[in-house]
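Should a chain be cited, it is by its letter among A, B, C and D, assigned in written order, with residues numbered from 1 in that chain.
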Amino acid sequence: MSAPTEWQANISKAFSNRSFVIGLIITVLLGLMAALSFVWTPYAVGSFDILGKLKPPSPAHWLGTDHFGRDILSMIMVGSRNSIAVAFVSVVIGAGIGVPLGLWAAARGGIIDEALMRFNDLVFAFPALLSAVMITAVFGPGAINAIIAIGIFNIPVFARVARGAALSLWPREYILAAKAAGKSSLLITVEHILPNMMNILVVQGTIQFSLGILAEAGLSYVGLGSQPPMPSWGRMLFEAQTMIGMAPHMALYPGLAIVITVLGLNLLGDGLRDVLDPKMRRERS
Amino acid sequence: MLNYVSKRILIGILTLLAASIVVFIVLEIVPGDPARLMLGMNATEDAVRALQQQMGLDQPLLVRYFSWIGGLLTGDFGKSYTYSVPVLNLISERVAVSLPLALISLFLSTIIAIPVGLFSASRRGTMADSGTMAIAQVGVAIPNFWFALLLVYVFAVSLRLVPAGGFPGWNAGIWAGFKSLILPSIALGLPQAAILARVTRSALLDVLGEDYIRTARAKGLTRRKVLYRHALRNALIPVLTILGLQFAFLLAGTIIIENVFYLPGLGRLVFQAITQRDLIVVEGVVMLLVATVILVNLLVDLSYALVDPRLRGRP
Amino acid sequence: MNTFWKSALAASALVLLSATASLAAKTDLVLGVVLEPPHLDPTAGAATAIGEVVYANVFEGLTRINAKGEVLPALAESWTVSEDGKVYTFKLHKDVKFHDGTAFDAQDVKFSLDRARDDKSVNPQKPLFAAIDTVEVVDPLTVKVTLKQPNGDFLYNMGWAAAVIVAPESADTNKEKPIGTGPFKFDTWAKGSQIVISRNPAYWGTPVALDKATFRIIPDPAAATAALLAGDVQAFPVFPSYEAVPQFQADPRFKVVIGTTEGETVLGMNNQKPPFDNLKVRQAIGHAIDRKTLIDGAMFGLGTPIGSFFPPHHPAYIDLTAESAYDPALSKKLLAEAGHPNGFKTTLKLPPPVYARRGGEIIAAELREIGVEAEIIPVEWAQWLEQVFKGRDYDMTIVSHTEPNDLNIFARDNYYFNYTSPAFREVIKQIEATSDTAKRTQLYQQAQKILAADAPVAFLFQLPKTGIWDAKVEGLWENGPIPANDLTAVKWAE
Amino acid sequence: MNLLEISKLTLRSGAFEALKGIDLSVRTGEIRALVGESGSGKSMTALSIMKLLPGGARTGGHIRFDGKDLLTASEAEMCRLRGNEIGMVFQEPMTALNPVKTIGEQVAEGIRLHTGATRAIAEEQTRAILDRVGLPPEKFPLSRYPHELSGGQRQRVVIAIACALKPRLLIADEPTTALDVVLQAQILDLLQSLVDEERMGLLLISHDLAVVAGMAHSITVLRHGEVMDTGETTQILSEQTHPYTRQLAQASMHVPERTPHHLVHTTPDGPLLAIRNLTRTYPGRRKGLFGRDPDFRAVDDVTFDIKPGQSTALVGRSGCGKSTLARMVLALDHPTDGQIHFAGRRIDKLAPDDLRPVRRNMQVVFQDPYGSFNPRHKAERLIAEPLYLLDRELSDGERRDRVHRALERVGIPRADKDKYPHEFSGGQRQRLAIARAIITEPKLIVADEPVSALDVSIRAQILDLFADLNDRLGIAYLFITHDLAVARAITDTVMVMSEGKIVERGKTEEILRQPLSEAGRALVRASPDLHKALARRITEQG
């Protein structure tokens, strides 16, 4: 992707960046936890033990059990898959559609650019959570629709970032040189523009990923995210809400899981930004 | 300047129009018949049909769209299917809760975040800076509904300092109303403050690297004076952008918080209206929120020009 | 953390105790209700939330149903029934006035009943009035109602919220500003927040003890718990959070009353859609469900198991749960006999209430044990009505049938179960035409047995009425024979 | 006693030693030039005096101002000195002013801070000083914002800020590098007269000896953080005892050797490039819903020819339209009107695909050696990019041969083809840019300010390379520059451009010796010239 020497420099810079290291450790642990949950969890998440419900943390159940007697640690482990999958796919959707749109608008300018900007205005004019509620009201709740709802809002974010970065690259002299070498806009975009904005896209992707985790938790919390029997952190919180008086651990641990995950991703994003692109300003709401 | 404003207003109106079409179409395909929902499981088919007729649901799509749009233009948002009162009345009752909530949260977020951002930026690299930013970093990661949950149980149920939720109405007195908005405002405002403090700090740090800061220092200004007189105003543009986004978020994104605190606000109205298929209410509220977002964006753009004279002459 | 919460709760309890101790007998009451009524006209909307506010408080019918589910006189002080059971002559109370001052007389009764039967009627319970042939005003205080055929349930039906008497002057505005004849009159309604009613000083009957009653709308179970604990509401007649009940039971400040309702909760199956058209499959599903686990897990132990479609508090009830006792081995055998030795895949559409969503999770897990993979599809009520109830596009669903006296739904054409049993229909027909109690009891039991044997649905449990209120509040209904919060006898103890 | 006395100043930032024991002094009323190429530590010296160094830099030695050691002075003492006793002017006028404050506020701020004057009095003084620096209040009210001023005007505001309180020492850090030659001369004149009037000491920092030769009393030459040479201007420049000083001086006056027969490539086929009535207008700014500012004619009815092998300079002040013209020639911008013929073929209306053979014969070299390469590609790929224009795809071997040949021609070792751009120095990068331009063996190279971002010694080498390629390969040049020294060095003919029009053209030597147009005269007069400056100083001193 970039010069080996630049790579090496970046890597050593990265590993001396505290945010990056902490963020990376948390993110890697999260990934490992999700991967582990495919082959092993302390208890099966589908097994109910009504008699052993609402038990506080103990050696048998490190994080206690929920209202159906399920092991909360196992639920959190399996739930991480759901959070990661929803957030990741919605970033892929957002970047996959938004980046080409932004690049196209920047390359063509004029009416195409104006149209994209107006489209962005339109999407941004809809408060995100409200629209997610509307989308799930139409298509029904579920992980897939949550992905679509979150992904749609990632599109203009990536389109705007890609467009902005591309617009700042187009007047560069090496782009002019490539034009003088007779290359088409498409070829220039692929060869010169896109590789030179990967840093920004990676950082933005990390940010949207962490926002996606939060958004998924919010949607699940209001019952519009992924559905049982698939565990999800947001729904665990929703279920815990009425039992917080007798089983506070049910609310505590899934909440902490969200906080730590988002924190880890944000730290990773901050670190990446510091390492890759010290000038980039962070865009988020 | 005037031209710029008129262009922005025109774009805003077009966006609003496009939004109305999107909203109308989306809600058209929402499954579920409001008439049947109102009459329930024992209702006969002709009772359902009679109610559909009463509510005007039997009209063709285009007719309904234009009568709705025409109504909006004349300030008539239609009549709620379920409450059978004018939508505008419903909305204005709810705005009286949501708007103060959003404003208090925004106020909280701003008065916490900007001083914290200034404090941190002026002590860049110190323990105080990294400590503050670590807290802010955690604040950004906390889902506000979880935070709300913790607040309710600590401050309302345990310490009984404020009501656990509900809204007595402004008729019960300004203080009583305000008291029931305290916790929701904190739950909404603090995570936003964390974001805003980070933005403020990084905007300030960006500005502090500019050449004109060095010019000001070369004049003999102290670091502190440079921070307040030169850096702060230049850092306001990103801060204003975030503030604008936050206002929209706070006004509309309160669905969850309003549920936790059972506040009768716009968010809960629209959520409830969606589940009850009170589409005309949903359409009205969404259009209002979209219009608000557009208006706030316009105001933010105009305030850029107040802050930055370079934008005043923009075509 | 755990101990922190406990001590926090204990501390709050102490504060509450000291706060309430000094109060003298009050004459106002704040009740929590989960759902906000869409409007306040029970003759134009099915939402139970309407009746929960206005029934017996603001509006009254010819008859009324009391806490035990018995029919009592209301606006009709007495009545006579003709020999053939077809003509009912009601004698009305005199000097009754609507809240707007207009007088109540036989014309209002005729107007109300005719309006409900009309072609243009949007009455949610139109079938209740289907039996009526004519309504005649004999004199201002006498009304004669002639039925098409005898109907044993007629007096009971006239006690429903949808059959309350309204005045022609105010019928069109009742949704917003209900005008009835009841002991309370409507005051204010802050949408999304609360509805206030206050004592009607001109009431014709026994005056009520309360000056004012506020129905505060609290949809969120956690918020309901907090509001009760904080004293913001003093009574929650149908408390939405089963899991919080033990907490209140342990708290001497509160009275917890677990009553019964008319809500038979069933796992509905589409009897015409394979594989549910096969009796053995339906039976297999019934035997796969452990009602005790279900009630413990989804309802926190609240609720009575049922083996057929009949409320356990009814004198004619017979316990048929043994017919579909929990026996997964038998389930698997039945499935194999039905040609599904490895089970099958199906769907389970769940409406919003917690009994359905939580119960659905448990049932899906239990069905997995016998090889049936049920995909959970949560739906809103509007979708449920559209897809399941009207469209009959579903495999399985869970819903509680809360209408009183609704055994006859299994005899209806095109009802969403798609269950057709000529034998059962015949029994229902006989019940409707019978007034004799002993005979009716026998028929009811016969009907219960047919249903238990045919297993058109899996019978789960009777929905409990979890009432929680301040220990000093007296007179609230313990059971819920119909959805109502009758405040006529409610008062604060000295 | 010297006003400023720097002794053994060291500066390190981490492991890097930026200054290695600098000695330097400025007397009251003296103009001391501090000259060095990029990275020599001249700006660091200035910032050390102001104590405005970036965080993490550690200083040693002494900086005495008026006898007081600044390195040990407290921050409060420094705040009292800055702007009051010591003023500073920076290199980049476009960013040196706060965009959200009026120029009045920014000038008055220092005055009020140090004198405690009331707002009214401070504004009075502000008007006076702005008037003095050439911004009369009637034309430039205090309420102007920086963005409403041009670069030269902004630099005047910066000077006003620095001189508002008549400091005893003024530090000017490359105050004219970002400006064109005419502005440069004006700003230097202004600085000189201010310093003379108030008897300030001036520390004038520059990378170009020719710029300072005309006004500095004494010169200190800096290289790699060490003082190479120091002394009186006339003496230093006339004797040139130190080899580095000599090197700088020669580079500044360098004229490449060119063989006189370079026009032999002329063919009877007519001109290689023929421009006819070329015009480019930009629509005026929209004012109201229907109103617009008048259209702006960036290039206005330009006609000229370039013969094969001919090297032509297009000179003019910044904003005169020369870059727009170049972009149209390169078909990177479309003319509003007029025609462009290349090798006898009209090219201004060609479709992108039909342009390929044209582009193959017409390549470009840009100004900025840092921005002209994609940082993610290796040198080989970068240089080979124009081969895309060939009609047939080359084999890997052919491609490599071409790359090797191009690298050889610009004097870069073959092995370097596997390096990334950031691994090359500025001068090497400009060589790469030239290699890229010649790889298709074009007939014309358009070079847009190809040496103006380079240090003088590098600049000389690159000019030599251009001259050499012209000789050996017979490539014609269209050289865009504002620097007459460059034009003089390697072109045969010159066109002077002003406000979109070509106002004068002819043989390079003749025009530079005796310009006829107003624009040409201004350029020639303002152009720094070491020979002339030295001659004048020697006569002045008698």
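The rule is short, and it goes like this: a residue touches a chain if its C-beta (ideal position, glycine included) is under 8 Å from a C-beta of that chain, and two chains touch if they have at least 3 such contacts.
Bear in mind the structure is a predicted one, so any value in this text is a computation, not a measurement.
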Averaged-CA centre spacing for the pair chain D and chain A, given as whole angstrom: 46
Whole-Å gap separating chain A and chain B, where each centre is the average of the chain's CA atoms: 22
For chain C paired with chain D, centre-to-centre distance based on mean C-alpha positions, whole Å: 87
Mean-CA-position distance for chain C and chain B (Å): 39
Multi-chain contact sites of chain D, meaning residues that touch two or more partners: none
Sites on chain B at which at least two other chains make contact: 31, 149, 153, 157, 259-260, 274-275
Interface hub residues of chain A, defined as touching at least two other chains: 137, 241, 244-245, 248
Pairwise touch network: line, ring, star, complete, or other: other
Pairs of chains satisfying the touch condition: A-B, A-C, A-D, B-C, B-D
Chain B contact footprint on chain C (complex, rising order): 5, 8-9, 11-12, 15, 36, 38-39, 45-47, 119-127, 175-176, 190-194, 216-220, 222-223, 226-227, 229-230, 232, 352, 380-383, 385-387, 389-390, 401, 403
Chain D residues touching chain B - in the complex, by the definition given at the top: 50, 52, 55, 75-76, 79-84, 87-88, 90, 92, 95-101, 106, 109-110, 113-114, 145, 147, 158, 161-162, 285-289
In the complex, chain A residues that touch chain B: 118, 121-122, 124-130, 133-135, 137-138, 210, 214, 217-218, 221-222, 237, 241, 244-245, 248, 251, 255, 258-263, 266-267, 270, 281-282, 284-285
Of all residues in chain B, those that touch chain A in their complex: 11, 14-16, 18-19, 22-23, 26-27, 29-31, 137-138, 140-143, 145-146, 149, 153, 157, 195, 198-199, 202-203, 206, 238, 242, 245-246, 248-249, 251-253, 255-256, 259-260, 267, 270-271, 274-275, 282, 286, 289-290, 293-294, 297
Complex contacts: residues of chain C adjacent to chain A: 1-2, 4-5, 9, 220-222, 225, 241, 243-244, 246-247, 293, 296-297, 352, 357-358, 360-362, 364-365, 368, 376-380, 383
